[in-house]
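The data blocks that follow each hold one structure.
Look at the two complexes coming up: chain A is in both, with chain B in one and chain C in the other.
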Partner chain A sequence: MKLKMMYGFLNSDIALIEKELEQAIQTDYALISETSLHYLQAGGKRIRPVFVLLSGKFGHYDIEIIKNVAIALELIHMASLVHDDVIDDADTRRGKPTIKAKWDNRIAMYTGDYVFARSLELMANIQDVRAHEILSKTIVEVCLGEIEQIKDKYDLNQNLRTYLRRIKRKTALLIAASCQLGAIAAGAPEAVHKRLFWFGYNVGMAFQITDDILDFTASAEQLGKPAGSDLLQGNITLPVLYAIQDPEMRKKIEQLFESDHPEYHIDEVISHIKSSGSIQQSFKMSQRYLQKALVLLEELPSNKAKSTLHKIAEFIGNRKF
Partner chain B sequence: MKLKMMYGFLNSDIALIEKELEQAIQTDYALISETSLHYLQAGGKRIRPVFVLLSGKFGHYDIEIIKNVAIALELIHMASLVHDDVIDDADTRRGKPTIKAKWDNRIAMYTGDYVFARSLELMANIQDVRAHEILSKTIVEVCLGEIEQIKDKYDLNQNLRTYLRRIKRKTALLIAASCQLGAIAAGAPEAVHKRLFWFGYNVGMAFQITDDILDFTASAEQLGKPAGSDLLQGNITLPVLYAIQDPEMRKKIEQLFESDHPEYHIDEVISHIKSSGSIQQSFKMSQRYLQKALVLLEELPSNKAKSTLHKIAEFIGNRKF
Partner chain C sequence: MIVQNIIDIVAEIKERLQSELNHPYVKKFIHHPIIDEDKLLYLCSFMQQASVKEEQLKVYVISVMLVQIALDTHDLVSTEPVMNDQHLLQERQLTVLAGVHYSSLYYNYLSKNGFLQFMSETASAIKMINVEKMKYYKQEFQSVDDMMNSLFTIETALIQSVCSYFHNEEWKRLLAHALFIKRLIHEKMVYINHGTSRLFDWLRSYLSIHKDDHQDILEIVEHYISKSRKIIDDLNSSLHFNEQLKMNLNQLIMSTSNH
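Right after this comes the complex of A and B.
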């Protein structure tokens, strides 16, 4: 079953958000509209807007209000990707050249700033000040996560705790915030929006671990970028952390990092990682987060949104690309 | 009379803000604390916090509330400077190496993002949603201004309108927002905070034109960077726009831009600009904005803050560096 079919009953609202996402970044400046649209049209799962809308169903769902949160969260995600590509010096994303590759770092920096500013403008339509507090704290953490990622690159002495904290900041908190803010914008009770936060947090952790696994197990075509890209960029993910517990694997990865042409050796390293059992270990970890998410979900009032969140969570934890 | 002496009655509040500015950017990450502090401690006039506090005196002034706005506005200004230095490829600011020069573009980008995120966290303490709306719209404009500046670099075919719109976005709107948000955070009536916005806007325009004049008339020591830096970076400011109405001056500046070593020729170009009368024309334009600001101020209720704003506005329009 495809992700999109799981939330078919939201189709018209999702279509509205897709349309307004494009409008939100329109400017009189051809360049900035072009760079932003370039990114937006490269696709993406739009899972943050979906989480916002579904969480809104636990309160008084008004699409005219909640759409602001859904669009804002997707734009914040997009802004962070644009800046991320500058940090990672990445040339492709979703099978298309990145902004920093097609234009330059400076243009990418300001495209990110602009898209982020637009998201704040949309969020300003939300009257509940708790929403602004939660969002701003989330963004501080996301930024710290990005800085951490620069610092931790190529560092094989980091541990599981470092990794988990990094993906929490990089991914899980923004998905958690999507769920919580959707519920808050719909005026859901505190017990509900706090539970949705933790549901989103655990789904987000499972999501990022799965992403980190797929970087080794999926094909370049499925990924829209070469397999092993994370490792080539020096990002130490969970499968690598497990793999380097074996001193021989650790040595292989050290050699990869020291090589003048790591891209020549990456396929060999990928196949070693695949046969080391660390993919299975990583999958187990992702399943633990997924199970926690599903347990948290159980306690929420039963409705269509709840069963949909359940299906999406399972899909995310088991997706093949 | 020095700027600081004009608002002596705010001294203890300004000292509090200076202390909390440092606290606001503290993290557990040595690198990011170091880069942010590097900037903060390089000084600056802190005029945005001063405008926030003085405008707050037109309502119910509570330093515990209004300090959030004052710190946030200074941090937003700082974040924009950090990103600005990446765009301008600038090596020094306020006599110290820029973050992008001392570290690199990537670190500068995330320092800016982080500092900006902290400012949002502080603003979340303000309950009035209009404040969030005004701030987010201002930031969108500031970003568009930055993008415009990249686009307009080295373009001698731009006109006065282009320049004025650019400095409005680059400088005037953030000063206008400082005044308006200070008043809103203190619960001042709408007629008052809207008037303060326009006062700030006009002061901001005068401030930036003065800055653009000083780039030619002040010494490298006073500026903390070489004279003529704006022009060397391709930024066409008001004195240049007036000067190139003379075809001979236009040719000289075209030659400067085409030169392999523009820094060898900048002193000559500066002295031509100084003797062309365009400095005087620019000064006249700045005075026009200043007079508008003072007229707007007249209609506000009389208090110490009003007379102080008057003095600061005059100082800003007539400062020598």
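Right after this comes the complex of A and C.
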């Protein structure tokens, strides 16, 4: 079942979000509209807006209010992608040239900052200060996570805790915030929005671990970038952390990092990682987070949104690319 | 309010800002951001005359300064190819992230204090600034006025949004033109010292001025400085300033006749 089919009952609201996302970043200056639309029109799962809308169903769902959070969160995510491509010096995203590649780094910076400001303008329509405290703290943490990621690159001495903290900041917190903010914007009780936060957190952790697994198991075509890209960039992900417990594997990866042409050796290293059992271990860890998310969900009031969140969580945790 | 107070407030805010901007890992790789003390004084003086309570004043000023520094930091992101230069790449990565970090702190400051309407006003200014920065970077202008208006927005939109939030048009004009003069003087000095500046280079190319003809091009910029100086002079008589600001503006005006 495709992800979009799982939330078919939200179709008209998702269509509204999609339309207003485009409108939100239009300006009189054609270039900034073009750069801002560049990623938006490339598609994407829109998983954050979906989480916002579904969580909103646990309160007094008013699309005219909730849409502000849904659009703002997607724009924040988009701004971070634009900036991330400069950070990663990436030329393609989802098979399309990045903004920094099509224009340049400076244009990408201005686009990202513009989109971020636009998201704050939209968020300002939400009067509950808690929503802003949560979101702003999340953005601070996401950024600190990215700084940490750079600091930890090529460091094979980092431990599991460092990795988990990094992916929490990098991915899980924004998904957790999406779930919680939808519920807050809809005026859901505290117990509900806090539970939704932890649901989102666990789904986010499972999502990122799965992403890290796919970097080794999916094809370049499926990923839209070469397999093993994370490792080539020095990012030590969970499969690598498990793999380097074997001294032989650790040595191979050290040699990869020291090589002048690591891209020549990456296929061999990927194949070793795949046969080391570390993919299976990582998958188990991802499943543990997923199970925790599903248990948390159980205690929420029953409605269509709850069963949809269940399906989405399972989809995310078990996706193949 | 006595003069000492504004000096104390500015000093305290500067210290708090410095501590916010101080990320131990980031500072290993990128220059510690420069805090524009004039801007800090302008904001504090404006807030003080608007009778904003001291604790609130600090939140407003720190958040605006943080986002200003965030935007300035992103102007420093290099565009040249990294090739295999890991240090250049790391410096660029952290420049991007430092800017993002400062803007996230701006949002965090305002959120914690529930200043949502203020956030909306300033976010709108940030948006405008980035539109104009892109135009300025691409140098897509139809006239000298267009370019000067763009530079004016880049330099002053944030402080204008602050004054608009407090419904004070006179101070808005005063502070905006003071900042604009500062920027033009800066551009002039860069041009005089290095023989190139984005503003002067565009003016020269747009007006087809010969590269050795410095006077013509300087006169154009001087014309805009004079216009802003006149506005400040006019407002000088109708507004009351603290001694510190009075001295600062006098020095600014004097410096326009020195160059």
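Here is the rule we go by: the second predicted complex is superposed on the first by the 321 of 321 C-alpha atoms of A that agree within 3 Å, B and C clash if a C-alpha of one lies under 4 Å from a C-alpha of the other, contacts with A are read in each partner's own complex, and residues count from 1 in each chain.
The working rule: a residue touches a chain if its C-beta (ideal position, glycine included) is under 8 Å from a C-beta of that chain, and two chains touch if they have at least 3 such contacts.
Keep in mind the model is a prediction, meaning the values are calculated, not measured.
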Combined model on chain A: chain C and chain B, fit or clash: clash
Thinking of the overlay built on chain A, is A:120 touched by chain B (first), by chain C (second), by both, or by neither? both
Partner chain(s) touched by A:293 [first = chain B, second = chain C, both, neither]: neither
Taking the superposition as given, does A:253 touch the first partner, chain B, the second, chain C, both, or neither? neither
Have a look at where A:140 lands relative to chain B and chain C in the superposition and call it first, second, both or neither. both
Per the contact definition in the header, classify A:203: touching chain B only (first), chain C only (second), both, or neither. neither
Look at A:150 in the shared chain and tell me whether it touches chain B only, chain C only, both, or neither; answer first, second, both or neither. both
Starting from the residues of chain A touching chain B, keep only those that also touch chain C in the other complex, and list them. 27, 29, 31-32, 83, 86-87, 105-107, 109-110, 113-114, 117-118, 120-121, 124, 127, 129, 132-133, 135-137, 139-140, 142-144, 146-147, 150-151
With touch defined as at the start, can you tell me which chain B residues reach chain A in the complex? 27, 29, 31-32, 83, 86-87, 105-107, 109-110, 113-114, 117-118, 120-121, 123-127, 129, 132-133, 135-137, 139-140, 142-144, 146-148, 150-151
Chain C to chain A touching residues, read off their complex: 23, 25-26, 70-71, 74-75, 77-79, 82, 89-90, 92-94, 96-97, 99-101, 103-105, 107-108, 110-112, 114, 116-117, 119-120, 123-124, 126-127, 130-131, 133-135, 137-138, 140
Name, in rising order, each residue of chain A that touches chain C in their complex. 27, 29, 31-32, 35, 80, 83, 86-87, 89, 104-107, 109-114, 116-118, 120-121, 124, 127, 129, 132-133, 135-137, 139-140, 142-144, 146-147, 150-151
